[in-house]
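When the chains are written out, they are named A, B, C, D and E in that same order, and each has its own residue count from 1.
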Amino acid sequence: MSAYLTINNIEVIYDHVILVLKGVSLEVPKGKIVALLGANGAGKSTTLKAISSLLRTERGEVTKGSIEFDGKRTDKLTTNDLVKMGVCQVMEGRHCFGHLTVEENLLTGAYTRRISRAELKADLEKVYHYFPRLKTRRTSQSGYTSGGEQQMTAVGRALMAKPSMILLDEPSMGLAPQIVAEIFEIVKDLNSKEGVSFLLAEQNTNVALKYADYGYILENGRVVMDGAASDLATNEDVKEFYLGVSSGERKSFRDVKSYRRRKRWLA
Amino acid sequence: AQEQFIPILSYRVGLYASGGSGFFGGAIDYFNLVNANGGINGVKISWEECETEYNATRGVECYERLKKKGGGASLVEPLGTGIAYGILDRLPTDKVPMTTLGYGRSDAANGQVFPYVFPLITSYWNQAAGMIKYLGDKEGGIEKLKGKKIVHLYHDSAYGKEPFPVLEAYEKSIGFQLIKIPVPHPGTEQNSQWLQIRQANPDYVILWGWGVMNAVAIKTAARVGFPREKMLGVWWAGSEEDTIPAGDAAKGYTTMTFNTPGNYPVIDEIRKKVYGAGKGNLSDKDRIGSVYHMRGVTAAMLWIEGIRNAQNKYGKGKVMTGEQIRWGLENINVDEKRQRELGALNMFPTIKTSCQDHEGSGAVKVQVWDGKAWKAVTPNWVTGDRAMVQKMVAESSAKYAAEKKITPACLPG
Amino acid sequence: MIYREAGQYKTTYDTDTQIFPIAQDRYAMLAILLIAFIVIPFVATPYIFSAILIPFLIFSLAALGLNILTGYAGQISLGTAAFMAVGAFASYNFMLRVPGMPILLAFILGGICAAMVGIAFGLPSLRIRGFYLAASTLATQFFVVWCLTKVPWFTNNSASGVITAQQIEILGFKFDSPQEKYLLVLGIVCVLALLAKNMVRSTVGRSWMAVRDMDVAAEVIGFRVMKTKLTAFAVSSFYCGIAGALFAYCYVGTVEPEAYNLDLSFRILFMVIIGGLGSILGSFFGAAFIVLLPIVLSMIVHVTGLPNSVTSNVELMVFGGLIIFFLIVEPHGLARLWQIGKEKLRLWPFPH
Amino acid sequence: MSDSAQRKIGDVILKADNVSLSFGGVKALTNISFDVREHEIRAIIGPNGAGKSSMLNVINGVYHPQEGTITYRGEQRKDMDTHAAAKSGIARTFQNIALFTGMSVLDNIMTGRNLKIKSTFVEQALWIGRARREEMENRRVVEEIIDFLQLQHVRKTPVARLPYGIKKRVELARALAAEPSMLLLDEPMAGMNVEEKQDMCRFVLDTNDQFGTTIVLIEHDMGVVMDISDRVAVLDYGKKIGDGTPDEVRSNPEVIKAYLGAH
Amino acid sequence: MQFFFEVLIAGLLSGVMYALVALGFVLIFKASGVFNFAQGAMVFFAALTTVGLKEEFGLSLWLAIPITMVVMVLLGIATERIVLRPLVNQHDITLFMATIGLTFFLEGLAQLIWGSNVRRLDLGIQDVPIEFVMDKTGMLISQFDVIAAIICAILVAALAILFNKTKVGRALRAVADDHQAALSVGIPLQHVWAIVWAVAGFVALVAGLLWGSRNGVQFALTFVALKALPVLILGGFTSVPGAIVGGLIIGASEKLAEVYIGPYVGGGIEGWFPYVLALVFLLVRPEGLFGEKIIRRI
């Protein structure tokens, strides 16, 4: 299986001094869903931003290694070029255009596409179909919509770009369980019907591993484990730390007594 | 090898760049001429320019930077009120004389209080007095101004307010009606002022403007149909830079001046010897002999006279100190004979300075823009009520002396 | 390796909240102060005093004031010069009209007057934000200068509106020479800088920053937004007022209201932004940059021997270009650049 | 439950009666009545846009309802005022992280203690006496919170640089610093993995246990909500469709239909 | 009464001239959230380039103007390349500061190339009262003003359509809200900015020609920006029609104030009056008359 997106041993430094990624390598094969797991601050978002070239806008830079998409190196490409090539990122923390209405937000998603009005309308309807809540709020300025509504807007906006590869940064954050399931169904749908590949940074490990084909676990800026999603889901460590199941049973949140940091793969 | 150093605090960028480049260009052209003619008794002039941007802070810095250069500054001329104020207090300690040709503190004419300041030729107060005199003459006698309306349209700053005491004194003594209308800096918009003027329908408008304000005033006057002949500008509103942008609207507009427009042997000499040798300072040769250029030449001429005076007293062919030049400037005497020698007969009024009178003349002239060039209106030099002005100078400088705890006295030669 | 904090453990919160928690910084600061107070007065020339050091210190103070308002409290102001003018003219009038007024007290009262004007003009900031506020502060700038020009009382009825600063005398000692004035300014600036540092590291400072970063949240936490913003305006204007008075008394001597024009306001804003918003040290860096750069530039361009009409313009272009350049290199200003430099030094010779 | 008995859930301290809030045409809350008892952990759940955050905003005075009344500690009023709410011991965290991005973690948490500061502005400028003592005292409290929430390693980091999950924790720390009697948490566990959620739950439970802090919690993770809360209110597009113990809510058909889905 | 109307109309017409400059600001602010301080310098630069080409190279005005247009477009592109691109996603105030740097650069550049002489610009539009109106009503209305008003109206209409009715317009507003998000959906910030700056250059050229032919082409042209600022805050930074409405209000009220209040307080209040007026408006509507509401939510 050919790799669609390849990350080769990259190192990322913010502000010239803060080393965040210390040699991360991963691949996303064409038409697959790959999950990127890891604790807070592991560097998931950073990895995604490195791919989509948004790093520069945060004064970060890839100092070592390379990123290739579809056989082309991306270091010289701008985010816009990448979107045109089909790579689209849904940023963590929503980032809606606050002064634009929900509908206008969605429409900007299709900026790079040259399509007829009718097609645009159809795509819009599709997004509304996925997220009916957005339809009722379509004329509100998105700055005034609720957190979850903004998250839906952000995801919907990316869908409007009709990408061939979507980088999703915590899509489930702040969404009601039903919608989370909905989003992952959409992911699955797009993946199986339209062959869209996904790189998914997700904290909701449970769901992520359920839908993904392959997974990487990031700790402290390094990949510490990778494997087929099904393997990971049955790995004891993963089960304990990421799925909250130890010795086969889910522990009640009330009963977890210690909040000491537990064993890690790397110190 | 011996050189007399003169710092040039010029401004060639910013709002007033056109004036600065003309004036300092003229001065430097004259330096070059003097040097080409062998210097002052063999002493060549050297100079260094420093860009002040017409900004007080930078001006002070330039002054401080250059005052010790080249064996010490001979004198300074910042051509800007703010800078002049900034260095005023430093002059006596540094022993550097400063000339302020046609601007700055009018009361600095009193050399007992301001030994190092020389508002050579004339000051704002004398100009204001001269204006009233001229307007009176136009009416056929100063008393005929009684009952007339005069608008003082001024740049709303210390500069525009400087002539108030004089104008108000005349208002009282003659009995005309003085209407003061300020224009906020920079004066790019004057519709309301000119509507007010049209409403008041005055007999004359005195335009005490600066920079872009002048051209706009002339243009707006045309828009409201106020005759330009009835406008009388100050000398800072009387250069080509003020009238050219106004185009046809400026025809017939009159202003004060302390130079007689025209051509002079010295200007020809500059054309020939300086520009001929490719050393000219102005990039645009059409500006040779323009108002600002001629003012610069005049200033330089008087400085050199001061230095020459000093040499006559302290030793010919030697480099003079600031202190010695101060004496030289205090004893300038350029009469018509001397003017002829300098190739500048009638280019500026005759001038004779003394410790009591650092101005030395107080005479002014009126010029008119004929659409292409400035022409003198009054053949003779005009002076207003000198006695009145001198009284005001005395009072005002006494106040300054009290504030600064200075005991007025003439410095020994 | 020289710049290591390794081995320096803080055992109390007191030591941790020190202004310079790292020993090397402390020694460096001490050294700088020693040089500034003891060495420089002996070695510097009058030119350096009166054309570089004095304006540098005065502008640093003004920049510090503006930094409190803009950098810490997040209110952009384009009216700094107006507050300086209030300080200068108020001090002048106190000296003039109150017999036997000690000059330092006059400065402080001048600063307080500026603070009051600051509060008055700060009131709109409760509703108006961002660039709307910035543009509105121009009202302060124009109004104050207009007022000083219009009301003759402020300038002691001087015909032209120009005031001449009185002689500076403290406890019988006259500050006349550039050197003496430098020491006076340096002393004042050091004291005020220390006070400012104290403010920004305690609750006042945190309240400013909280309001700057997110005023709604600050309110929810319990800060009173109105009080906080107005204190920032008051303190900032106080500093600017003192700086304005020093500008008149220790630098130019004779001033007209026009000297405190928009140009000056902008100049101080540059200092703050180039130096680093929200950094006391940055105010000094910024002032140094804006005071020195034109001087250095004009000296450099001078040796090229080009005609002045060319060099002046080239200077302007380079000045503008450098501002842009520095912003690109480090949008958070020279202070951040300095900090990054230090961090690199700390890691050196091992990268990361 | 045994420990909830220990915590001695008390009387109702906060009561909202028939509160309605709308923005233009959008009805965020319609006729909601809602109460909170002392020392309990009270959860609010509901689909996106249901009005949960709006409810919190009404409680601490960020939004002012058009109708209804709020009774807090026996005092009935039309609406709350943010400052008054803070003063009377209500602290909160926000859904869209509202940290002071330009400040370090430590400073952010210190701001939480601003209401405890008594020293004047002049004292602080001079850094003398009371000001310094208070600073040290508050610092000590804050360090305890930092230890409690395990934020030691980022103490001096500017919060803008922190990853999402840590920011959430800093926000909690800031709220705790105020030593509140009531804590409003708006999705404190969004963007965390299970392990981190477990930690967070521990923090919340411990706060509730040790300080007796009343907690109002919005959360989408049903596991968390059902495990730790005493009572759960369910909102659906501005209306309250359920209220009761976790078990009651879980079996409420209307709630299942609107929110939980078939699980 | 006649006089009152005369002042009023003069004010309204001055306001149109202010609006012309304000439009350039609005354009850039609305499209990128950048408060472009260099607008005044661009006005100066454009006007000076036109006259410079005309006088130094003897080109006809109708050739000089299109060439200047090209220069302004190149300038826009260069600005994006060199100044804005590296500063994407930075704080507003940083970008603001960068435009101040740009101001210095442009001022220096303009004067370096064309010198600092004051020049005259004649567009061939008479700046004298229209006789017909004068005879009928006794009012002084300059032909020049009328033409300026027409040009301004056309510009406003065109820009309003651009922003509200087109895809590019929507993208521009998105950029102003969030640079990073705009990038992430594939809006080519580089092109968008280059276009906007080029259009702003064009607006600056129009303003420069009109103001230049009225006041002479000189450095003071950069100061017309100061007249445009109150217009801008009153109308709202983000509203194209706001610029024109703001211009009319500011123009009329400042003239009326100067004429009717000025004399009682010593005059010269035009410098600050518009700012204070705008401030008062802002107290009621903090985002100006037509500006987008500033969203403050937690």
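Structure notes:
Everything that follows uses one rule, which is that contacts are C-beta pairs under 8 Å (C-beta built on N, C-alpha and C of every residue); 3 or more make two chains touch, one makes a residue touch a chain.
This structure is a prediction, so every number in the text was calculated from the model and none was measured.
In the absence of chain E, chains linked through touching still make up one piece. Common neighbours of chain A and chain C (chains touching each): D, E.
Remark: chain C and chain E have CA centroids separated by 32 Å (rounded to whole angstrom). Chain B and chain E, compared by their mean Cα positions, are separated by 36 Å.
Centre to centre, using the average C-alpha position, chain A and chain B are separated by 73 Å. Touching two or more other chains at once are residues 142, 146, 149, 214, 216-217, 220, 309, 313, 315-316, 331 of chain C.
Shared interface positions of chain B, defined as residues touching 2 or more other chains, are 12-13, 21, 156, 184-185, 283.
In chain A, the positions touching at least two other chains are 144. Shown are all chain pairs that touch, namely A-C, A-D, A-E, B-C, B-E, C-D, C-E, D-E. Interface of chain B with chain C (complex): residues 10-13, 21, 48-51, 53, 55-58, 60-61, 63-65, 67-68, 81-82, 85-86, 88-90, 105, 156-159, 161-162, 164-165, 184-185, 281, 283, 396, 400, 403-405. Residues of chain D that touch chain E in their complex: 57, 62, 94, 96, 98. In the complex of the two chains, the chain C residues touching chain B come out as 45-47, 50-52, 55, 142, 146, 149, 159-162, 164, 166-167, 251-259, 261, 263-264, 267, 294-295, 298, 302, 307-309, 311-313, 315-316.
Of all the residues in chain E, the ones that touch chain B in their complex are 3, 6-7, 10-11, 13-14, 17, 107-108, 111, 115-122, 127-129, 140, 142, 211, 214-221, 223-224, 227, 254-255, 258-259, 262-263, 266-272. On the chain C side of its complex with chain A, the touching residues are 331, 340, 343-344, 347, 352.
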